[in-house]
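Some structures to go through are shown next.
Next, two complexes with chain A in common: one pairs it with chain B, the other with chain C.
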Partner chain A sequence: MAGRAETAAPGGPVGTRRRLAWRARTRELRFAALLLIPSIIVVFGIVIYPILRTLYTSFYDVNSPFPGSYPFVGFDNYTQALGNPDFWSAVRRTAYFTVVSTGLELVLGLGIALLLAAPLKARWLFRSIVVLPWALPTIVNGALWRYIFNAQYGVLNAIFTQIGLQNHYHAWLNSQTFALHAVIFADVWKNTSLVAFLLLAGLTTIPRELYEAAKVDGVSAWHAFLRITLPMLKPAIVVVLVLRTIEAFKVFDIIYVMTRGGPANGTQSVALYTYQQAFSNELFGYGAALAYLIVVFIAAFAIVYMRAIRSEDTAMGW
Partner chain B sequence: MRPSRRYRIFIHVAAVFVSLIFLGPFAWMLIASISSQKELLAVPLDWIPNHISFERYHEIFTAHGDNPFANFRSALLNSIIVASSAVAISVTVGIYGAYALARLRFRAQRPLLLVFLSTYMVPPIALVIPLYLIMVNLNLLDTRIGLVIVYCTFTTPFVIWIMGNFFRTIPHELEDAARVDGCTRVGALFRVILPLARPGLLATMLFAFLVAWDEFLYALIFTSTTASKTAPVAIAEFAGRFTTDFGLQAAGGILAALPPVLIALVFQRYIVSGLSSGAVKG
Partner chain C sequence: MREDPDLRGESGDAGEARDKAKLPISRREFVSVSAAAGAAFYLAACGGSSSSNTTTALSKEPVTINNLFMQQAGYSPQDLAGMTKAFEKQYSNITVKNTLVPYDALHDKIVASAPAGTYDVLLGDCIWPAEFGSKGIVQDITNDVNSLDVSKIFPGAIVMAKYQDKYYGQPWILDTKYLYYNQQMCSQAGVSGSDFKTLDGMVAALKKIKQSGVQYPWIGSWAQAEAVICDYAQFLGAYDGQFLDSSGKAVFNTGGGVKALEFMKMLLDDGLANPASTSSLEDDVLKSFTEGQNAANLNWTFQLATANDPSQSKVAGQTVIAHTPAGPSGKAPGCNGGQPVMISRTANHPAEAWAFIKFISSAAVQNQYATVSLPIWAASYSDPRVIKQAGKDLVDVAKTQLPDMILRPQVPNYNACSTKLQVEIQNALLGKSSVQDALNSAADFFDSNANA
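Now for the complex of A and B:
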């Protein structure tokens, strides 16, 4: 804005020009402050303050929701979490969930993105169908799959028995090994849809000429995919990987509705473990420390994410 | 260049296969919602119900008193009220902040921008404990107002982020032209920028609504009765019971899925371009 103020006083004495520029900048600042006050009040009041408050709480042994003086315990809550085998098995489980579901969503989503971009008849119809799982609320999705996997009345047992794949009904969600995979399956079914659309957006930015040139040079479709599509899609793939990893690491809803973390903690994620410690056991200080451990992980990932999108210069970077 | 016949057959078969996998569970939910409880509990399962009835939907919309149907209706209503109020407040508050951060140049801009953008990434679990302690002390647990305030913790940063991105795409020349014509900064904002931002605003509101509609963790912690319980909480509770009326659960699921599914279908173009411009939070 300073530049514009200067042109307002062409050839004027340097002092006047500087004063005008300063005044313009002050006016700009005042205008910005006026516009920003509501956002600052809301964001600082209900987001920044609670984040700092969580940090504060994590250093105290807060064991009831009521105000009072609780003993300061320093880093005890953190060392307690880091020394707790339950915490570590929740971390391992969450990492497994994150890697497997993100990996599957990426591979399947890429296939569906290629289909969405392919010259299909009734393409609009296919697009509308693919958007459906994304639109389905997470809890409805979880409840639906819980019903499908139900031991007595579930559709999965009915299908498998009717086509002769099994001769007795399985209690899928009560099986230590199967339950986590059932949750992953339900998550993949829903989120592959989102991944496909994110990758489709990347696909549409690849210039057609590249493929035509490759065809002229006699390059096979598979090689064109490896040499053109995948490299050109890299920014979109990075975005998908990081977004999905952050989301998956926070997984709570779908596990809560499908298994409540059971059987015998077989599907308990870090977020679910934190929720149970804080709200079922009223260990708010310990829960706050757990929450901060999650934040540290996500912040690390968010930084990688910001770097990735900035360096790739996609439309998402500020 | 015409694609080969084999390729065309392959992509169509693949598209049909994918469609069946995506539509199957939806179809089953629809069938379950209009089948009788007896047929749903039959072993072996009858796929096509002999007798269909829309009774459950009718009950949800008309039942009175304390029963699962009426409770589910109030949960849907709470979801609508809470999600729309949070979006309305966040848009009113956030749109000016987004404009200032995206279009004005002032000293604290960079650090402020960074703080605002990082709030967009904060996981709910990091806020929920102090928010809970605050709500207990303000007696706002299990109220819609309490939940609206809590929902603003993610809808407001969301609006600031997405609208900021959108404001940056509007050419500076338009604003400059308005100012040359004698508009003040405020005048240019209201008469030029905001009208141009209308499509972006609509997309932002739809997305924020979808995110709020889908929200579960906060609703689970902050609500406990029909006074404020939202549809996801009602469905999760229902699914967790030992004996469940699967048909009612399915009908409730269909009704809770209806607003986002309709929004996704009607505004497909916005959604697809919104997804690709970063308007996603999962």
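Now for the complex of A and C:
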């Protein structure tokens, strides 16, 4: 730009050159702003406005899908939610779902990642197979496991009966405890692939020299895993934990498809509870407050993890 | 809004318009007035019409109406497509686009799409007119409905679209739960059709069938969904119970309501009902029956055609449809499972929407598609074409079951109340609370929330 300004006023006074340069710079900024306007509108329309609108709605007693004048209730929707035992039951259930599913996905995903990193002959084939569950849409995954666990014509009952593990068909999804674990199992089956591939990416960054040096020093494979792999993989593990915890706490679709929250609310997650309050019961203000409470819970998780990442960065000297 | 000549004169010159001294109102006042006018226009647009008919002239220009239906019980997608094609042939300038969703998604889709005016015609359920009518989601079409000969519609059908003396829809699907049993299983156990006339007789029959080797002779659609309320309603009616009394207070936690739930629990506890009942919907019940896994159950009309279709059923030719068993009072009402078609308040083409509704709910059209859903018109049940399509067995039992139906509570917050009752019924069936405690809890919730 400065060059263009100098060309426009060759040998002119310094003030003129600066003014011309400033004008060119301003034109450039205006043009950049013009180019940004569409994306700003889109981001505002689909991200910022809904967030602000939901916050606004949460302070009103909105019980209809139409815009209009509704009574301002301040924090009543929030206090109502926090005082509702159904909400806390859903929170506890969701927290359990989150901890168990994320934990299992991490352990199994790490094991699979180590296998996939091994110099196997048909590694590409294993990788293709492992990615399949994750490639399935969650709705399809939920329907798949609903059929597998079906008491009348489910594959699980058929297999167990044929190999003699049970005498008659079992209504798996009848028990609140089993139904919750069935949903966790279905979630783990799908998302372990993602965890495995994220950790596999982390594994590929660990220098091979470290293992070779350890081997020379006579370190066992187990100790190499504990002393080299795990510490070097820690940043990737933290990323996985952040992603999966947040996703798991928002669990909705797989439960909606498999059990719709039943039996007797035994699998109702906090997101499903929020959805039912907002859309089935048309308590949009209350639903908006619940949505913000979910954000608070997720933010709490995120802050803990981000601190972990920061301390990790500090320890690594980054 | 009346234009101010002074203001109009000023607007010709931008420079003068910016000159505050020459403006008849200040810029702030102008902005305030404009905002107020805009808000008033917006609110007026959102305010909804109190008109109770849509009988404005049909457009002669090409018009497209968008409709929301379900793909489950009642008319099949092919039936709906056939009706739509016939309508488009008659009204050549109207194009109809139907969207089909599962029943479980229907309510929420209607609610979520309401402000946008996505749909013109909506398939509802008999439990929604109170909610949708009171919240202005659908139009009051009382005059339109009354323009038809309502007296010729089954009383059980016409009541499904009514709330507080106004029609918020036109009856379309007329259905109730019937009793189905497997003739062969019954014969092998020495059970006859007359054993199913009463609940006591049915229990004795199920015990005999169980002794003959059928592990679970009964299955219910008792999952945490509206399905369990329908089965419960049927038993509640048989035990002469009521959901609400005349003042609107919940009374299903007394008398017949308690006995109905005790009866359902007894079926489970005695091993007569499949434990899978508490995670089953109507489709699961149908599947179980067509696989020959249970001997009897309650279900909507659609079970008959599927169960007797050899390509879909292992028990084709063995299926009997019957009036539901009577309770100790001698009553045996069915659960009203009717579904009206409604016009969205934000419909873009209400006149054309009503034309479509009028067409698909006419006797002439309904009589053509009576295989899986019987017409709403009483005279149709004597029409030889209907009897031929639906089968004499179905028509005969429908004639006695349809006039006697129990309607689930018509309250604005039915969905929330129903969800609570579903959970409490499941708590009782799964042994997590006593029948009385469960129903008391649900009744308390009804009283606090039904009309809140």
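One rule holds in what follows: the second predicted complex is superposed on the first by the 271 of 318 C-alpha atoms of A that agree within 3 Å, B and C clash if a C-alpha of one lies under 4 Å from a C-alpha of the other, contacts with A are read in each partner's own complex, and residues count from 1 in each chain.
In the analysis below, contacts are C-beta pairs under 8 Å (C-beta built on N, C-alpha and C of every residue); 3 or more make two chains touch, one makes a residue touch a chain.
Small disclaimer: the values here were computed from a predicted structure and weren't measured.
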| item | value |
| --- | --- |
| Three-chain arrangement built on chain A, chain B and chain C clash or fit | clash |
| Touching partner for A:L173 - first (chain B), second (chain C), both, neither | second |
| Partner chain in contact with A:T54 - chain B first, chain C second, else both or neither | first |
| First (chain B), second (chain C), both or neither touched by A:R260 | both |
| First (chain B), second (chain C), both or neither touched by A:F279 | both |
| Touched partner set for A:Y153, first chain B, second chain C, both or neither | both |
| Greater chain A contact set [chain C / chain B] | B |
| First, second, both or neither for A:Q80, with chain B first and chain C second | neither |
| Touching partner for A:N63 - first (chain B), second (chain C), both, neither | second |
| Candidates 204-212, 276-284 or 348-356 of chain C: the single one with C-alpha clashes against chain B | 276-284 |
| Chain A positions touched by chain B in one structure and by chain C in the second | 65-67, 150, 152-153, 260, 279 |
| Chain C to chain A touching residues, read off their complex | 42-43, 46, 48, 104, 107-108, 111-112, 114-115, 131, 135-137, 215, 223-225, 274-276, 278-280, 284, 287-288, 291, 293, 413, 415-416, 419, 422-423, 426-427, 430, 432 |
| Chain A-facing residues of chain B, complex | 1, 3, 8, 11-12, 14-15, 18-19, 21-23, 25-26, 28-29, 32, 40-41, 43-45, 90, 92-94, 96-101, 104-107, 109, 112-113, 115-119, 121-134, 136-137, 149-150, 152-153, 156-157, 160, 164-165, 168, 185-186, 210, 213-214, 216-217, 220-221, 231-232, 235-236, 238-240, 246, 249-250, 253, 256-257, 260-261, 263-265, 268, 271-273, 275-278, 280-282 |
| Partner chain C, residues of chain A touching it in the complex | 63-69, 150-153, 168-169, 171, 173-174, 176, 179, 259-265, 276, 279-283 |
| Chain A residues within the chain B interface of the complex | 1, 25, 28-29, 31-33, 35-36, 38-43, 46-51, 53-54, 57, 65-67, 111-112, 115, 118-121, 126-140, 142-148, 150, 152-153, 155, 158, 161-162, 189, 191, 193-194, 197-198, 200-202, 212, 215, 243, 246-247, 250, 252-253, 256-257, 260, 271, 274-275, 278-279, 284, 287-288, 291-292, 294-295, 298-299, 302, 315-316, 318 |
